[in-house]
Amino acid sequence: MYQTLISLLVLGLLWGGVFLLLAGGLNLIYGVMKVVNLAHGDFIVLAGLMAFSLYEIGFNPLVSLPIVALALFALGGFTQFGLLEHIKGSGPTAELRTLLATFGFSYVVSNISFLIWGSQFQSIPFLQGAVVIGGIALPEALLVCSFVAFALSAAVHLWLTRTKHGKSVRAVAQSSLGAETCGVDVRKVRFLAFSVGSAMAGAAGALLICLIPFQATSGGEMTVQAFTLIALGGLGSYVGAFLAAELLGIAEVMTQYFLGANGAAGIIYVVFVAVLIFRPSGLLGKAGRV
Amino acid sequence: MLQAIIRRICTIAILGCLSPALAQAEAPIKIGLAISETGPSSPPSLFELRGYELAIQEINQAGGILHRPLELVKYDDQGNPSTAAQLYQKLLTSDRVDLMLSPYSADLTAAVAPIVNRAGRVMLTVTSASDSYDGRYSYIVQGITPAARIMLPLLDLAKSKGYKTLSILSLNNRLGAEASKALTAEAEAAGMKVLFHETYSPITTDFSALALKAGEPKPDMILGTTYLADSQGILRALKAQNVTAKMIGFSIGPIEPEFYKGLGGVAEDIFVPTSYFPTLKTNGNEEFVKNFRAKYDLDPTYHAAVAYAAVKTYAAAIERVGKIDQDAINKALHDIELDTVVGHFKVNANGAQIGYSAYLLQWQKGKQVLVWPAAEADADPILPHPGWQ
Amino acid sequence: MNMFKLAAGFCFVGAGIAVAAFGSGFVAQTLFQIVLFIMLAIGWNIISGFTGYVSFGQVSFFGLGAYITSIVALQFNVPWYVGLAAAGVIAPVMALPLGLIMLRLSGIYFALGMFGLARILQLIASELEITGGPMGTSIPIADSPQLAAVVCVSATTLVVLLTYALYRSRLGLSLMAIRDDPVAAESIGINTFKAKIIAFCISAAVGGIGGALYVWNIGFVDPASAFSGTIELQCVLIVLAGGIGTAFGPVIGGLIISSFSTYLWLNFPLEQQAILGIVTMFVAIVTPGGVAGLFANSKLWKRQSLWRPIEAGATLSNVTPFRASGQDRKPILTCQSISVHFGGVRAVNSVDVTAYRGEMLAIIGPNGAGKSTLFNLMSSFLKPTAGRVELNGISIVGKKAYTLPHQGLVRTFQTSRLFSSLSVWENILVAANSRYGKKAEAIAAATKALVDVDLLSHWQDSVDQLTPGQQRLLEIARSLVFEPEVLLLDEAMAGMTMHEIGRVHQALKRLMSRGAAVVAIEHVLPAIAPLAARVHVLDFGTTVAEGIPAEVMRNPLVVEAYMGREDAESEKQHA
């Protein structure tokens, strides 16, 4: 029983990493731009399917990961420059319009994925083994996903706190007007944030397709899950997102084992709503002030 | 008398040569359906569509039904039940189709069945869940092996090997619920013991805990009533947690070629029941497989075969009635017994299929092989499962 | 004009019903589908457009309605209209407790929380026996598609009329005020929570009826379609395309989106989603207010103000002043050693302030001294960490902010917080409605307040047409509608011309002559010096000095607070 419990705990933590991988890019973009990229999941799916095609011609997903991430970096840049930058104004109306624009774009991306790859589920037979430590099996795919998720989060954190670029990104996140008066090129920073966030979605896609089969229409569900996660953590909060991911991972695995698999997939929403009742701005979100 | 015979022979000869041209002179018999050409379930839908189109092409080349060609009226429902309902209303009233076929999936069929039935129109379906054939709709007839029977060949094979215990994982939808319920009942009737049975939601992506739990009682068999993505997810988790059993079998998912593509070696030795396979020695199957490959450059799946058989069954029923009369065709479909590419078509009073049976495939060295029933098998099943490498 | 609109509406609905009744089954079905989505979009618009609570889970009530109808129909074997009515009644009743929980959230958290709620309900529906589990259940279907369409068109027409009535009602006005600025709405005595709950329940009723119609038409219900995210998205798209927060936006959007997607689906089956996506992006970038927004300023479409001021010259005597009475100098608002801490920051630290009847108390201090925080404590927008706040001898600590205006305490804000989508007149009226129960009284009070600040001629303007000074005047007028006993003015006169300041002084004098207390925060003492009886100086959250203006201004600590220590030193030496 002990062994099982530890196994479950480890699996939960590792799945937390997968959740974090799913949501990391979205969190960055939201944190800096207060923009919810509703095409996030479709970006992940597109990236995953690209990795799938690269695998078909002989590329290992770990090799295609940077290629795909770069492609998504470009796509993210295009989205920001070609689309979101043209939405003027601020306040709730502008937020809603941005939401609508990314929503429309999610249709475009998933439709393109459909036209290229059809809508069959695809996945890559890679990292299917497990590392066994003390009788506890650690699935390779989960290990790699978690590792990349944590590494990416750490890298982004370092980038934000230690580099000049990163600092200007944080400045924009806190006050775009203030940053602009300090001579920060706000447009460039937004471009950078959106591109890096999209590249993170690309990296996620290339790995997740080794774990979860994708089809062209899978993106919507992923966006929702990723978004629920970052909202649970407190929008834009990195530590919050990490806590939320681990909480959801463990809740999901434990529910599946102890309460039944049927409710397990929905448990993230139950946890989410339950947390919101007590903390209306998520785990580590800032409460609004007058 | 003689004159009449000669005229008849001449007509047949001319029809044989010029059938398309002549047949088109007659008003076509319209067959209508909505199907998910786009949307999440488009891959199997497209196979169904290919089956329908091939059958219609063959029938038209042979002169049509009642000297009238068949015409397919189809729409894309995108897998959305309310769109499907709207489209069937359109098929019924503005396209005025003569015959109805079902959309893909039991969920959509359940959504359109009340509308079609209300209009007093016959609909031959190729969806396996039973709720549309439990007596509430008198015009809906099933043309595929019912969900309750698809898992049974696995049990038959297990019985012959003396396996006694099993764990069942089932997707929480129509097919999963019915198939796993029947599987449990049949297993218990055969003196086997269901050690574990759990359902999971269609949005599940993590199966780790479920796999651990299913393997804990050390069952002889791990069986799943699944589709594609979930069957892959479960297998990945079984492999990663090193959970094994003597026999591992899943419904539907492993039939798709993507199953093996996505899993590689993990897919080896996995069983999957099916209602059709290209090597079956059923009536007309050889020709069907040949024509299908010629037309589409693909092997027919069971979706294609049941669709093909459905059109052929309609043709036989109409030939028997001699006119397009919904009630008469409905009666004919209920009465008829027919050997199609899928097997022996026969339905009960409620329209549920009782003739078609199920077969068992196994992935062996990257290929699906028909392994059960023994009489039809192309190879012996590999048992017990050799464990994960 | 109104007759014309009415006639056009009648023709439109009549044509709809005729098409529904005599069209083919397909036409009826298509019409049903379009009109149903219009209804659902209206339901979404009530909570998200009027109230500003964007929801990603109003489909919850669609699903509840669907299941209520099917359960009622199957368990009690009642005719369809009973099931429909049941959904219309039970769905809002169930929405009440859900709203009490969900509406505590705001912004994106509310939107997502609602999405989660829809998922949870879907989970429950697929677990229960009575709902038919994950496979759903079939229920008695409408006798014909034509009947379903006629009922749907009629029901939607009713819903449109009700929405329009709501849009033109006191409640509607309050909802729009809440959407524009919930804090300002609280400050004029609107119980925003209650108003939101009502809107939530109305929205739920509309959604519930929509769900009931849906299952009755299709004869079948299952969890996946009942709580389908696609339905939600379609509603959002319709409302945004048509114009969010407008009365007829959902109708226009519904017609446009439905016909456009049908066209795409027939002509571009494979690329339809991408095309729809591109059009959506185009709508988002090019037409911010949706299609209705394009015509927002046309005469036919412009939102007409609710009610109108009394014509010039009419008597305003029936306006009753607030409780303010008696000229004796009695304390009315007292703060006893109040403190509030944000984390380690002591924003206000053990401050004693008292405001007396008939007097102005000026609160001055440099930026960040805690003046506005003190106001938030006085008006119960913040709860003090320690200390007492009493109004007329009764503690107001922990009271809801919206109750205070009704007890005679009204405040304004440091930055302009007008309701931007309402007209000048409505900005006042919404406050008057909150103060006075009778329409005539509210109109009279609002008119009077407008006259007081010289803005009557601007009554139809939108607030952004006013000068900054006029905007501040309007805010003061909005509080004067209450004829308050205590008026808290937060830098209310910043940016006003001398003439405007004169106006304000006049109004404040009148108020004080009736025994009201005015507490004013100002940076610049001269703006209120002529009126202020006493001055209270704050710095770093503590009291530096208090007393009559002339004395206080000589206090070295005050000079130091304003000019910094060194400057103050040198000034002293200089002297």
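Each chain carries a letter (A, B and C) given by its place in the written order, and its residues are counted from 1.
To be clear about the criterion, a residue touches a chain if its C-beta (ideal position, glycine included) is under 8 Å from a C-beta of that chain, and two chains touch if they have at least 3 such contacts.
All figures in this text were calculated on a predicted structure; none of them were measured in a lab.
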As a test of understanding: of all chains, whose mean C-alpha position lies farthest from that of chain A?
B
Winner on C-beta contact pairs when A-C is weighed against B-C
A-C
Averaging the CA atoms per chain, pick out the one whose centre lands closest to the mean of every protein CA shown.
A
With chain centres taken as the means of their Cα atoms, state the distance from chain A to chain B in Å.
38
Separation of the C-alpha centres, chain A versus chain C, in whole Å, is 33
Which integer distance in Å separates the CA centroid of chain B from that of chain C?
55
Which chain A residues sit where two or more other chains touch them?
114, 262-263, 266
Where chain C touches two or more other chains at once, the residues are 123, 126, 270, 272-273
Counting only residues that touch at least 2 other chains, which ones in chain B make the list?
38, 172, 201-202
In their complex, what parts of chain A are in touch with chain C?
36, 83, 86-87, 89, 92-94, 96-98, 100-101, 103-108, 110-112, 114-115, 220, 224, 227-228, 231, 235, 262-263, 266, 269-270, 272-273, 276-277, 280-282, 285, 288, 290
Given the complex with chain B, which residues does chain A contribute to the contact?
4, 7-8, 11, 15, 18, 114, 118-125, 128-130, 132, 137, 139-142, 211-213, 215, 217, 221, 252-254, 256-257, 260-266
Tell me, which parts of chain C touch chain B in their complex?
24-30, 33, 123, 126, 133-136, 138, 141, 144-145, 214, 217-220, 222, 224-225, 230, 265, 269-270, 272-273
Across the complex, what residues on chain C touch chain A?
52, 54, 101, 104-106, 108-109, 112-113, 115-117, 119-120, 122-123, 126-127, 183, 229, 233, 236-237, 240, 244, 270-274, 276-285, 288, 376, 381-382
The chain B residues in contact with chain A across the complex are 38-43, 169, 172, 198-210, 212-213, 216, 228-229, 232-233, 236-237, 239-242, 256, 258, 261-266
